[in-house]
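What follows are several structures.
Across the two complexes that follow, chain A remains constant while its partner is chain B and subsequently chain C.
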Partner chain A sequence: MSDQSQVPQDHAVPSAVTTTTTGGRRRRLRVLSRTDRVVIALMVLVPLLLVVGLVWLPALATVGLSATDWDGIGPVGDIEWVGARNYADVVGNYPPFVPAVQNNLLWLAALFVVATPFGMFLAVLLDKELRGTRFYQTALYLPVVLSLALIGFVWQLIYSRDQGLLNGVFGTDVDWYGDPDVNIWAVLVAAGWRHVGYVMLLYLAGLKGVDPSLREAAAVDGASEVNTFFKVVFPVLRPINIIVLVVTVIESLRAFDLVWVINKGRNGLELLSALVTANVVGEASRIGFGSALATSMLVVSLVFITVYLTTVMREDRR
Partner chain B sequence: MTTATRTGHAPPAPLRARRPLRPARVVLHVFLAAVAIGWLFPILWAVLTSLRSYEYTAVHGYVSLGGWTLDNYLTAWRTAEFGRHLLNSVYITVPAVLLTLLLASCVAFVIARFSWKANLVLLGLFTAANLLPQQALLIPLFRLFTQVPLPAFMSDSELLYDSYWGLILVNVAFQCGFCVFVLSNYMKALPRDLYEAAMVDGASIWRQYWQVTMPLCRPALAALATLEVTWIYNEFFWATVLMRTGDKFPVTSSLNNLRGEFFTDNNLVSAGSVLVAIPTLVIFFLLQRQFVRGLTLGASKG
Partner chain C sequence: MSRPRSHAEYLSRLVPPSVAGLRRRSLLAGAAGGGVLLGTGLLAGCGDADPEGSGSTTVSLGSNQSDPKPKEVTAKVMDGFRASSGITVAVNTVDHNTFQENINNYLQGKPDDVFMWFAGYRMRFFAGRGLAADLSDVWSGLSGMSDAFRKASTGDDGKQYFVPSSYYPWAVFYRKSVWQQYGYQVPKTLGELTTLAAEMKKDGLSPIAFADKDGWPAMGTFDILNLRINGYQFHIDLMAGKESWTSGKVRTVFDTWRGLLPLHQPDSLGRTWQEAAQSLQQKKSGMYLLGLFVAQQFRDDEQDDLDFFTFPEIDPAVGAKALDAPIDGYMMARRPKAEDNARKLLAYVGSKAAADIVVKNDPSTLVANSEADTSGYTALQRKAAELVGSATEIAQFLDRDTRPDFASTVIIPALQQFIREPADIDGLTTSIENQKKSIFTD
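Right after this comes the complex of A and B.
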């Protein structure tokens, strides 16, 4: 550990200061007793073991298994490498795959194009000094505390064919959760309902952090409110924008609970996450095949996680 | 500089002189009120439905009023055994949240206290783990859990699979990342002189962590605890795939018990939904500030 300590992490500090802090750090390290070192090692290693053992190694194993034909029953020694065959099967030989990708993309588009801008718009409105703003805020982010599984049940009361509110009011006879032509849209309304509140909350916090003098300067220059927002405030919110973008992508990719409680992700509600789960816990456990599906999710998520990490860590440096 | 502290105690906005109500303001209020009521509506509708008898709504339809009763709650509580499942949720949530905060604060302390190059990798490793899609880990984890034996007194399944221990561990592993991220930022904002002073007093690293840093992190810990209780209570996926015995399911993933094989009584479903939502709603209304701060601590570092 001592050799690493000599490299100061904070590059923004002027060099003169860096030397002194490095000196100070060296002195401090020498002060660390043997017990201290053991304590530090334990403080890092125990949690690290858990995260590596239960998250990262399984993730790697998923990638590895995706290139095998393991059925999950035979001994591990019998595993044969099949290269990219599982991937070829997923794309070319598995009817639910294309609808699942479409639905995941649709999910992303709906959250990104409708729910996210709406949440941002509400945050901008609520950022003004309004009477009763607490009530509005509370109402909007109340759905955020509910689990997506529960949300599936709450909206069932509105969507149900025989007992639902929608059909009751409009006298229609649509099975909103069951009809494969409409159910994905019905589910997206419920998912968006929650997402708007979440995005609103994030932007509201971001807007509170914007330097008021920026807006005053824009107002003095005679910029309209809309112009001020798009030309002055929005660019300053860049870190929040990226975080919201990443949160939206990850949420769309991880979407699972809502469709699983409705019909386990079938019949118009196919999602990648549900297909992976169905291939593992379902009747036919196809390990290699399911792993190939899971790996595709992993790759997409890692791209956006990298974007997220570089953003937040760059902010950290400042 | 972190916003960890800034978002928590946002500077009071300059008081503007109250202007007379302009038409634009009226439109704004009407719009916001309409949206707010629209947003509350699905929840209010669930509460309303739960208070009416199935017999009444079956005859008069749901777009009516009347048939008030509390029977749905009693029936839901009995048929779905909510008491037992709520207790299961407590068994999983409480240890998982405490363990998450303990382990995450340890890592966060080391990351914030020392400026080692490896800290950045460590932070990345933890934070990214929180964002991975759970399904991507399902297959190996499922296999692993069915292979790891537990003594019978820990779980009657004698495996990590279908045991509270397994669920607690998975939740901790997953949630640690978010807490490490938030806490390390919070701790970095603490003045470094504290440690210098503690070292002069001869305080060991553990004492610096436990007696200097942790008490100062109380606001962040409270916010995170609120948030994590909600998240782990709401957790659905792992409980669904890593549990088998119906009796042991936590309440969020036992909601399906209310759905009959051939017939669904929506009034019963709504009563069950309200029952399941009550703990999170209580947290929401009592600890709203903690909840909001927890979320914004993690995301608004700008």
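Right after this comes the complex of A and C.
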């Protein structure tokens, strides 16, 4: 958002200087050439149209459709309004819903408590210019680059009950994907594997940007490595920390691909996103019901977005 | 679906539902967005209007035969069509499950001229919604199709919308060599099946191979138990939403299943059917209730060792003559680009010539055309054809006999829940019934 408000000014001010050499700053800003005004209008309108057309209208339409029982076939005129029935069904008459909410929260907790700090830790280690640091970076970041189909396949080879690597090596017969008490943890390991690499890269980029003199000063003052990181480097990295936090929340809310590849988000791997897809995208075509699920997901996301935005805006005002 | 009431509505049907939905909303929102997207609609209209005259020599086929063997057979049939008619078929193969799950969008978007589908509830549903073309004229030229197949190809309005090509029965498969080694006999009743399974357990085998990671294989077990306990008519009515899931009859099915579950391979929810079939192939399991396609997991020299029996009788009053035997075949899109060629292709795939090619190349299916030269059938195929021929009633499989939303969003989680916790049958059937009522509203 801040980018968009910057851009028009950058274009406007220099050209305004060329058109009027006299007069105060207020006057200069008002007298913009036609080109400038067109540019500004486009700069505002194009993103606005995109956001409204691609984000807000579909979101509102989803909320609207959630009050219907449309099956995705036939003209709009045939849509029947059913009020809040879909929501009542989602909460009271759809067994996978409650486990899905629980799993989404578990996902958030696991990424936040384990994967994200671990990724940061790896970044700090890699920042030490170890030998082969490039190799480690690549190895850790690779899971983020791999296609989702390939990741599903790789983990299937590891987790398969009868033919998998884990059970083969340890001689166990744990049903990693089938046992609903186990499979969510198995998948969280796989998801964490991916998330760690992502956080590591973001954080490493941040660490590279820290002014070395800060560290030197801390060292001169006799601060330990740990103290230097937590009391000097970590606070300096505030912007990166916020980005990492936001990425973690987003990743856990939109978590979908792994469970979908494994078993379409059923049997212990229910996630809101998978339920939405199963109802809307699949052969089922329960568009109305799926929209109600999607709306509930939107509400959860809005809570996080609101908290984030208020925090950031309060910071800016200070 | 009714005829379009206006030009705008006609255009709206040309775009996929995702886009169509956006367009509607934009129109409501304001003229600007609507105008842009209306432009898209018009462009789509122009695209469709491109004349592909009858002189063209191609036709497109949407194929769901994505496994290597069936894919190869499809290619050979299409080669046969080109040889006989000079028309080239552009085959667009999509993963079997993906094809099925995207079918709504596929048919409302720009489907291929001809596409593969199944007989059953969904075929009639698409026909009723006007998403598939009437094939009565193709049928009038077909020979060798039995009345049962004609009936299975007929929509609710009495016209044919489907050309059957192949079918396969669900039965209990086993390896002859294993059964000879231990001296097992084919069970005739449920009691005999239980005794046999207990014996297998003693001999160190998993009695009944079982897998339900993908959610659908367990439907086969439910189908056959319901057919054996409550009979065909009750099963079909239950699938149509006319009978209650909380009735004592359905309870008995789950009760019986609960008794059999300890004889099934454990941890089935993490296993694919291929892995379960391989446990049968590796002689670790004694038998496996699955479709004839289980043969795909056996090597060529093992095909002769594979045998089957139909699931044994449970209630003498019901008998053991009904079974699941899904029919696969072809349908035509509502507005094919090359309609003449599409009809020629459909006539060909229903013909003896195409059936002969299938028989020669695929030992895991049976061809629908009765005139086909079946001397190439393996012993297994011949036996399967006899089994289906002697069946009194043929069901199409749970997810083809009922609404897809009910099958995929209610029945799959419910059956997996049952396999996980077989004790709470009352809670399970009540939950299914409540969800059924929210889905079967019209």
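Here is the rule we use: the second predicted complex is superposed on the first by the 221 of 318 C-alpha atoms of A that agree within 3 Å, B and C clash if a C-alpha of one lies under 4 Å from a C-alpha of the other, contacts with A are read in each partner's own complex, and residues count from 1 in each chain.
Note that in this section contacts are C-beta pairs under 8 Å (C-beta built on N, C-alpha and C of every residue); 3 or more make two chains touch, one makes a residue touch a chain.
Everything numeric in this text was worked out from a predicted model, so none of it was measured.
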Residue contacts on chain A - larger count, chain B or chain C: B
Which superposed partner A:Val281 touches (first chain B, second chain C, both, neither): both
Which of chain B and chain C A:Asn263 touches, first, second, both or neither: second
Partner chain(s) touched by A:Asp211 [first = chain B, second = chain C, both, neither]: neither
Partner chain in contact with A:Gln163 - chain B first, chain C second, else both or neither: both
Which of chain B and chain C A:Leu57 touches, first, second, both or neither: both
Chain B versus chain C as contact partner of A:Thr138, first or second or both or neither: first
Partner chain(s) touched by A:Asp179 [first = chain B, second = chain C, both, neither]: second
Partner chain in contact with A:Leu201 - chain B first, chain C second, else both or neither: first
Which superposed partner A:Asp221 touches (first chain B, second chain C, both, neither): neither
Overlap of the chain B and chain C footprints on chain A, listed as residue numbers: 52-53, 57-58, 61, 65, 72, 160, 163, 281
Chain B residues within the chain A interface of the complex: 1-3, 6-7, 10, 13-14, 16, 28-29, 31-33, 35-37, 39-40, 42-43, 45-46, 49, 57, 61-63, 103-104, 106-107, 109-110, 114-120, 122-129, 131-144, 169-170, 172-174, 176-177, 180-181, 185, 199, 204-206, 209, 230, 233-237, 240-241, 252-253, 255-256, 258, 264, 266, 269-270, 272-273, 276-277, 280-281, 283-284, 288, 291-292, 295-296, 299-302
Complex interface listing, chain C residues touching chain A: 1, 9, 12-13, 17, 21-22, 24-26, 29, 32-33, 100-105, 108, 129, 131, 213-215, 266-271, 275, 278-279, 404-405, 408-409, 412-414, 416-417, 420, 431, 434-435, 438-439, 441
Contact footprint of chain B on chain A as seen in their complex: 1, 4-5, 7-10, 21, 25, 28, 31-33, 35-36, 39-40, 43-44, 46-48, 50-59, 61-62, 65, 72, 122, 125-126, 128-132, 135-136, 138-150, 153-158, 160, 163-165, 168-169, 193, 196-198, 201-202, 205-206, 208-209, 212, 237-240, 243-244, 246-247, 250, 253-254, 256-257, 260-261, 272-273, 276-277, 280-281, 287, 290-291, 294-295, 297-298, 301-302, 304-305, 308-309, 312-313, 315-316, 318
Residues of chain A touching chain C in the complex: 49, 52-53, 57-58, 60-61, 65, 69, 71-76, 85, 89, 93-96, 159-163, 173, 175-180, 183, 263-264, 266-267, 278-279, 281-286
